[in-house]
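To keep things clear, I will list the structure first and then write my remarks on it.
Letters are used for the chains, namely A, B, C and D, taken in the order the chains are written, and counting of residues starts over at 1 for each.
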Amino acid sequence: MTWIEPADLAAHAPRILAHLAVLLVLPPLLLGLIAKVKAFFAGRVGPPLLQPYYDLAKLLRKGTVFSRTTTWVFRLGPVAGVVTAVLAGLMVPLGGVAAPISFTGDLLLVAYLLALGRFCTILSALDTGSAFEGMGASREAAYACLAEPALFLGFVALALLLPEGAQLNLGNLLAASPGGWELAAGGMALVAAAWMVVLLVENCRIPFDDPNTHLELTMIHEVMVLDHSGPPLGLILYGASVKLAVIGMLVLGLILPRSGHLAVDLAVGVGGLLGLAVVIGMIESSMARLRLLRVPALLVSAALLAGFGVILLAVR
Amino acid sequence: MDAAVLALAAIACAALSGVPGLRWRKQGPRLAAIGLGLGGALAVAAGISALFAPARLGTAAEGVMAGWRGSLLVDGISSVFLIACGLVAGAVGLYAVGYWRDAEQPAAPWTRLLAGLLVAGILGVFAAGDLLTFLIAWEVMSLCAFGLVATKHREAESRNAAWLYLATTRAATLSLIAACALWLQLTGGPGWSTLSTAVAGSAAGVTMLALFLVAFLIKAGAVPGHIWLPPAHAAAPSHVSAIMSGVLIKTGIYGLCRLGSCLEAPPLWWGGIIFGLGAASTLLGVIWALGSHDLKRLLAFHSIENIGIILLGLGLAMVGRSLGDPLLVVLGLSGALLHVLNHALFKSLLFLGAGAVDHACGTRQIDRLGGLARRMPTTAACFLIAAAAICALPPFNGFVSEYLVYLGLFHGAVGGWTWALAGLVALALTGGLALACFAKAAGIVFLGEPRTPAAARAHECSPSERAAMAMLAGCCLAIGVGLPALVPALQAAANASLPTGTVSLPSLDAGWYVTLAAAVLLAGGLLLWRWQQRAVQGAGATGTWDCGYAEPTARMQYTATSFAAPLAEQVAGVMLVERHRPQLAGGARFPATASFSDHPRDPVLERFLRPAAEAVAWLARGLRVVHGGWVHLYLLYVALTFAALLLWSLA
Amino acid sequence: MVDLLLALVMLLNFALLGSGRIRVLIRTAALQGMVISALPLALGHELGLRGIVLALVALAVKGILVPAVLLRAFDKLAIKREVEPFIGFVASLLLCALGTGFAVLIGRHLPLAPEHAGSLAVAASLATVMAGFLLLITRLKAITQATGYLVLENGIGIFGLTLVGGVPFLVETTLLLDLVAGVFVMVIVMNHIHRAFTTLDTRQLTALKE
Amino acid sequence: MIAIALLLAAPVLAGLVAMLVRSNAKRPWVLPALGVVHVAAALAAIAGRADGHAHDPLVASLWIRLDAIGSVVLLTLSVLFLIISWYAPGYLAARSERPNRLLIVCSCLFLALASLATLSQHLGLMWAAIEGATLACAPMIYFNHNPRSIEATWKYLMVGGVGLALALLGTFFLAYAAIASGKPVELTYEALAAHGALSEPWVRVAFVLLLVGYGTKMGLAPLHTWKPDAYGEAIGFVGALLAGGMTSVAVLALARVVGLVDLLGQGEFARQALTVMGLLSMAWAAAFMIRQTDIKRMLAYSSVEHMGIIAVGLALGPVALPAVLLHLVGNAWAKSALFLSAGNIHRAFASKHIPAVSGAILRLPVSASLFLIGFLAATGTPPFSLFLSELGLFKAAAATASWWTAGIFLACLVVIFIGFSATVVAAVLGDTDAPEPEPLLGDSWRTTAAPFAGLGLVLVLGLWLPAPLKALFDEAQEDARHGRVLEAQP
């Protein structure tokens, strides 16, 4: 893909704006929806759907307290979490809505931007000098690392579907997936399942982590942000939701149909995201958290699933 | 000016940089820094000018028996390496002024002399115009490095490291000498001439390629030839480790590139082995690094990992040439070459940072450090930048080179060379592991509370050291955001590495997007940062939330060992840890003080090489009986030899 | 006539290996040396005055001078008069027989010039060399080893004198010089050994080993 | 002509003078003077060859003549002696408790006889010269006058004597080979070579005897057993003289024999036997260098190794001859530096065993550094000349397609380096609790200049081979090739 000519900008503007809007505005709603679904399954009314927005607004207004141990690294974590997630989101198409930025190998930048966010979050946790936050950081690093191969094998599986000479970018890769379902639905299903695991582990959802737990020893992501308060905590919450949306968009790219009309695609995309939130809520309601020691085995299985997906697509 | 003349001048500057210090001890450090800086600048200039105008320089001296005349050749292949060496040498020279002080190191002038010669040797390797010059420079480099690793030879650990290095490097050199002999036999001269496919495929040709491969892979530190690397890097003074890890091990890579450029079409096994060992080195290097608690050993293991990444790229390029796939060639080669430069920058920066830490706290044990970011802010910032760069995180330089290698791997995996898939998985896993490892190294060393009084008393290093580190950190960022500017240079370098034909990098205008993304990242980050700073103005300060525990101490923080434990458990099969378990005494209720310690060991060395060496030594020990001191026995040997030869002669 | 002498030399080899007394051993070696020195005279070549004088000098050196030097050293230095072999005398004799057989075998493989057809020289020479080796290898005392060296040189002498007739002067002089110088140096060293260890037993000389 | 006469006469005269000088302190200065005169004479003699005196015989029957290969060995020997001679006064000043008359007279005698061996074109004369040189060395080994040195001397005499006796028998066999083929007997090379192919069994057995004989002098395994003892117990400069001088002369003898046997039609067998012996020597040396704790015995095994290398080189034929000769030169001079610096360390630490010797670089910075660098030179490190010669040997192996030989050669070199380096590193580096040496035993220019010069020469040869020396190598190769041509013509 080449640069968008200034003349074409007008033509692309609605798409870009729509994408940006979904990326920046929608994510907290997903958290609210998940909470609502979980409440529904638990037989409760639950917080309002927009509760995450209220929380953010409240946090951004609050004062903050920093540990005397911490340095600038501690403050960098929340900022990096948001910026990397948003920037990565700019390169991920939402179903049929093409991403604002797209270029050869953008998938690598996406993966490594998310890694950068993780790196900063981990360091930020270690900066407090708390044993608990160190523990969370350690687990975050370990699980993310084991999730990486599954993500990349999925990319390879999709790359196998690319027509000769097509550029290797996320837009093309995900656009090839409908063809993939026709060729080898089994392979695509495996890849989708693997990526779903990646989604859950990267966003610290059950069965890998429980965002609602209050026992420090069993937490992963939540324990890393114990010391954050006020606006930084707000940034962390927002960043996490954007990350959920970004990876969600990746997974959705595998399964969503494309129509070619922006409005339709946009609606399908937003609907897909909301549906994904519902699915996550259902998973969280129906499963228990895994024992920590079992998590790596599941992650390795996810990579194997993706690997089989590659094989199925390669021999189609 | 002619690139070869520049290179020669650079070599001379570096070689002589330590000489004045032998006489004028007081001015020695500065003079050496000037010499190395000048040499480095000249090397960079030579590298840049060689990219577009290759140059050759030969002496008219009467040849020795093998026809050696001593010549320099500086072209696109040399250029990347020369630039890397020049940048690192300049930074190291500056750093050494504050780091290696005469007052603390009695043999400092000799260290400076050897360091200068080491740089000269490395530059000589990169600029050698023929195989014999290459060999001589290679050995000068190796021996100077031995001398430098042995700097603290009074400590058994350093001595053993130096010896191990000496023994392994000689194994490589001997292999190289044998290969060189075959080269002379096959091509008729020591110059870098093109080797036809038929010659390369003959028995002699295959032997020669295999011998070259052994030599270069040992020097590069690829698994399983890496055994010398961690102890040597840990034992050498840190600025020397920076040179060794930054550029010395790249001489092996350079050798592979140079040799590759001489092959009309490399055989598939050649690229395959390079690729396979690259994948193994990448993964094993980072796994072993994860298990290390010694900061410099950890960095050394990461050198193995990064050499693996370079080899992945290089292997892809070679395979691409065997299969006739130009895209594979150009992606692999440009990724590998760029990673050579990048690794030189961030790894030397990391070693310089580790040196500053070691100097400030007197220990390299990660678990005895902590909280240094408050005490050594500049060092911490530079180290963090380098850590991000080595984890291939944008917007730093590590990302752009791995990006190219990844593209190559994707292309290979999809385009018919399925083995690339293995490399892809290895690299993906490595990315995560490296991130975990550097989160550990940077986090435990610089963040949190100091774990020992020594760490609490740490002080920031001298201005010269900080300047050197800042310079390298700047380079890391510049390359990270400036990939497109490097594309013509990379293309020239890649084309020089091919004997025939040219390839062009496909649509690396993508690089501009990386730059754009980096810019957005930086700008967005900065904006949000400013906003956050405003928002948190007047923030209160308190202790870290202790979850209700009343008496937290610094020793309760997560250590490097515990941080790495979840991952280390997953990969315990390829690690070797020696554990000294505590013996609890004094009854069950009030046990006496006991201690637990564990020492990571190199599994290749301990499980394979050491037992093999012991077996040989045992056999040799058994043979000693034949030298029992009896002259009668000795006369019997004469008689038996005579009888045996007599029978043979008449048979 | 020549073959008779050579047979005698071979017999003396057995006598050497069978003798248990050092004095007897040295005297037997002296006798062997005399027999060998007499070979040129028995060959029937045209020797001339120079040749005859040389043969006589050789006879004196090998038969009288060198053994005398050895005997003197023996009288002065050795306390025990026995030969002290590593292996028994019977075994020594058997090995000597084996060596002689080997020598005869080798001799058969080496084609002789027509004028020497059927000569025992090669076999005798090699057999004596082997006997010398046996003495050197299986006898403990330094002085017996020196005698072994003498016997070894005797064996070489047989070949040189019998077959390489063309250059007797060179052969004789080098052999003699070598023998005299060699044995003299050995005896001097033996003196020093005796001074250092108060014995000539080479079992003492095994400090240098791996 | 005068130069050649001087080569032989000067050492004899010097020996006489040394015998007459009364003062133990002044007597050693005879050696440096002799060294200078001898080198001058050697250079003049070699230069004289080029001027057309090559075929101007000193002795009517062509017994003495300076050919190319002889010139190389003569030069090696002469320069080696010069290096050592400048070391001797400084060393002997520290050993004033021992009378040195016999040592110095024997050194002179050794030089005379060894020079004679390089000049002689007659098998018997060469044998006699080598035998004489061997005997002259015995008192030198015994210089220390202690039980260990007498033991070493006895072993040296016995093994060396027996070996040389076999070499004499071999010489006779070679002569008889001519008789058996109905040719006249003449033991000069030229006359023998002129015969062409001779009786096969005789030549083969003769070669076996000569190989065992001169191989014992060279120290090819398993005939080398005297070497560790003699080198280990002799004082440093005698060790250097033995390892650099004696062995070089023995190599010359063997090289001539090999060339001759090649001419006489048994080159193939000779090369095979030499290869076996050479590789066996290297492997044997490797086995005994592993965990060797005695630095001087280590040097002895290194010498065995180098003799093995040279034997393998000789086996590769004329194509490898320049490399062999360069190796010979480099080995002799590097060994001199090693033995002299090891001697310094031995004296200062009053021991030659690790771990008693350790951290030598702290006590004797110059000697220990020279020892370390000497070790590197001796193990064929670029850019020392031994590297070039080993490279040349590999190249020759490739040229003759001797793959197995090259492979074993390479493996041995690796093991040897590992073993050698472990001991050297342990001796030179590390900490030490040995006291500072007394001034006379510490580093001084008198005891370090000579090894420094030796190493310097080896380094220079690695970077630049003087044209005359190269011409000598080429001529020697040409001489050897000439033999091949003869062989080819039935």
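One rule holds in what follows: a residue touches a chain if its C-beta (ideal position, glycine included) is under 8 Å from a C-beta of that chain, and two chains touch if they have at least 3 such contacts.
Since this is a predicted model, take the numbers as computed values, not measurements.
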{"item": "Pair of chains joined by more contacts [C-beta pairs], B-D or B-C", "value": "B-D"}
{"item": "Chain A and chain D, separation of their C-alpha mean positions in angstrom", "value": "77"}
{"item": "Approximate Å spacing (C-alpha centroids) for the pair chain B, chain C", "value": "68"}
{"item": "Interchain centroid distance [CA atoms averaged], chain B/chain D, Å", "value": "43"}
{"item": "Approximate Å spacing (C-alpha centroids) for the pair chain A, chain B", "value": "35"}
{"item": "Two or more partner chains touched - positions in chain A", "value": "none"}
{"item": "Two or more partner chains touched - positions in chain C", "value": "106, 109, 133, 136, 145, 202, 205-208, 210"}
{"item": "Per-residue multi-chain contacts in chain B, two or more chains", "value": "624, 627, 631, 635, 638, 646, 650"}
{"item": "Chain pairs that touch, as defined at the top of this document", "value": "A-B, B-C, B-D, C-D"}
{"item": "Interfacial residue positions of chain D with respect to chain B in the complex", "value": "154-155, 158-159, 162-163, 166, 201, 204-205, 207-209, 211-212, 216, 222-223, 225-226, 228, 269, 273, 287-288, 290-291, 322-323, 326, 359, 361, 376, 379-383, 387-388, 390-395, 397-399, 403, 406, 410, 413-415, 417-418, 421-422, 425-426, 429-431, 462-465, 467, 470, 473"}
{"item": "Chain A partner contacts - residues on chain B that touch it in the complex", "value": "370-371, 373-374, 377, 380, 384, 388, 391-394, 399, 402-403, 406-407, 410-411, 413-414, 418, 421, 424-425, 428-429, 431-433, 435-436, 438-440, 442-444, 446-449, 506-507, 509-510, 512-514, 516-517, 520-521, 524-525, 528-529, 532-533, 535-536, 538-547, 552, 554, 556-558, 562-567, 570"}
{"item": "Chain C - residues contacting chain D, complex", "value": "106, 109-113, 116, 125, 129, 133, 136, 142, 145, 149, 152-153, 155-156, 159-160, 163-164, 166-167, 170-171, 174-175, 177-178, 181-182, 185-186, 189, 192-193, 196-197, 202, 204-208, 210"}
{"item": "Of all residues in chain B, those that touch chain D in their complex", "value": "61-62, 64-66, 68, 135-136, 138-140, 143, 150, 153-154, 156, 159, 162-163, 166-167, 170-171, 173-175, 177-178, 180-182, 184-186, 203-204, 207, 613, 616-617, 619-621, 623-624, 626-627, 631, 633-635, 637-638, 640-642, 645-646, 648-650"}
{"item": "Chain B residues within the chain C interface of the complex", "value": "624, 627-632, 635-636, 638-639, 643, 646, 650"}
